[in-house]
């Protein structure tokens, strides 16, 4: 095995475009959002909090983005683990995790290169804004 | 009572061998794991994160190792406490605890001398890798 | 006194423009930066981490932005307090403060409405990028 | 600019070899060490705490490894910044930083791909053990 290994991460340019697209979607939907994009190392790349957005969403969107590194949208997580109470009760207590919807993995060529998380609206609004961020990747 | 008391803990040499064995098992199973061994004082002795392993597992494996100091594998914890909601809802909010499977106590002569936790795969994979760590103690 | 009071804060639109201007300045200077804008409530409004930027700067830029709510650039803080050891030794231990240069208050009509912090380059580069952010306010 | 960017990080295999070499050096010197290797994303890859090693060093070695991502040994940091009191008083208060010697960047082809930090001995012992870790990369 080699001394180093390569990993791919969402670029800042793309992360900023994703955040802008999520904010534009929130404006369209009439909701106020916090939006975070993290890279594959779990570190914040780009963030936005719209004027008046719920402060709880600042932590929430970062937890959602981090948890999506699983490779699954956080809105699907509960359904995936609901038959295992130890996971349901356990997972969302990790300091950076959550089962609340609004986090989506950023996949490029099938590889998770980061995550986007949105918090501040309803779960449906959060997911729609996160998806708008992904759609901005083209 | 005396001025001091003795405690027994897993040695670093054994902890390192356990981590190596858990990593070898993960390679055999084809999963990417985080592995932690803590001593009876709750402090980290040895840790490994395989290339590409889920970052959530870094915290997860340490919580699992810590919680196993109960003397019970974390995969058995939910079943043991499920009829007491105060425990179910309470335990996993502790900053170092979790009910997620993948943590096993390290027992020597019936005494808990530490814990091993594995996170990053399915619960079954996590438990299998933790068990491989224990088996390395001979 | 009334039941409530008003406060003015940097808008998200302006915060995003400031971050973009600071990043553009960093590209011009050839350095890699972390940039944060916080509002007058001390909460993150907009953030950017350029590809390859020093991870220490992620915390650093947020501390700088927060500390600038004093109404003074963080690069001037040490000189202002150096004759009072209780301040010198005390201030930077606060969890959100720092005396490292690179934080500038955002003033509108003489009122502090937020702060911008930049971290990842030399102090001179950090201050220049933060200033470029302020200049974007027009 | 592209959607993603590549980054190189120390592999687990190399990180584990570095930790083992640092521990071997500590045994040779007769000191008890905590050793951490982090990757370029700032996340823990491998860790060891020798039996009886100072618990303060568990946090210390991780701070040293993280701070070395600057590209400079932490033992050289004070000398580099001593004429700027704002840096001397400021830098080591960041939650993951320290100016204490014992952290060395892991450089491959001139690129920082991680950091090793050692804590528990004298600064000279810590640096010698960290260097032994680097030497193991061959």
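A few notes on this one:
The letters A, B, C and D name the chains in turn, as written, and every chain counts its residues from 1.
FYI, a contact is a pair of C-beta atoms (placed from the backbone, for glycine too) under 8 Å apart; a residue touches a chain by one contact, two chains touch by 3 or more.
Computed from a predicted structure; not experimentally measured.
Of all residue numbers seen at the chain C-chain D contact, under half occur in both copies; the interface is built from largely non-matching residues. Centre-to-centre separation between chain A and chain C, using Cα means, comes to 25 Å.
The mean-CA centres of chain A and chain B are about 29 angstrom from one another, to the nearest whole unit. Averaged Cα coordinates give chain B a centre that lies 42 Å from the centre of chain C. Across the assembly, chain B contributes residues 51, 55 that each touch 2 or more other chains. Every pair of chains meeting the contact definition is listed here: A-B, A-C, A-D, B-D, C-D.
Contact residues of chain B toward chain D in the complex are 9, 11-12, 16, 20, 23, 43-51, 55, 58. Here chain C touches chain D in the complex through residues 51-52, 54-56, 59-60, 63, 74-75, 77-78, 82, 88-89, 92-93, 95, 98-101, 123, going by the rule given at the top.
Within the complex formed with chain B, the residues of chain A that make contact are 5, 7, 41-42, 66-67, 69-70, 84-87, 89-91, 93-97.
Chain A contributes residues 1-11, 13-14, 39-43, 108, 113, 137 to its touches with chain D in the complex.
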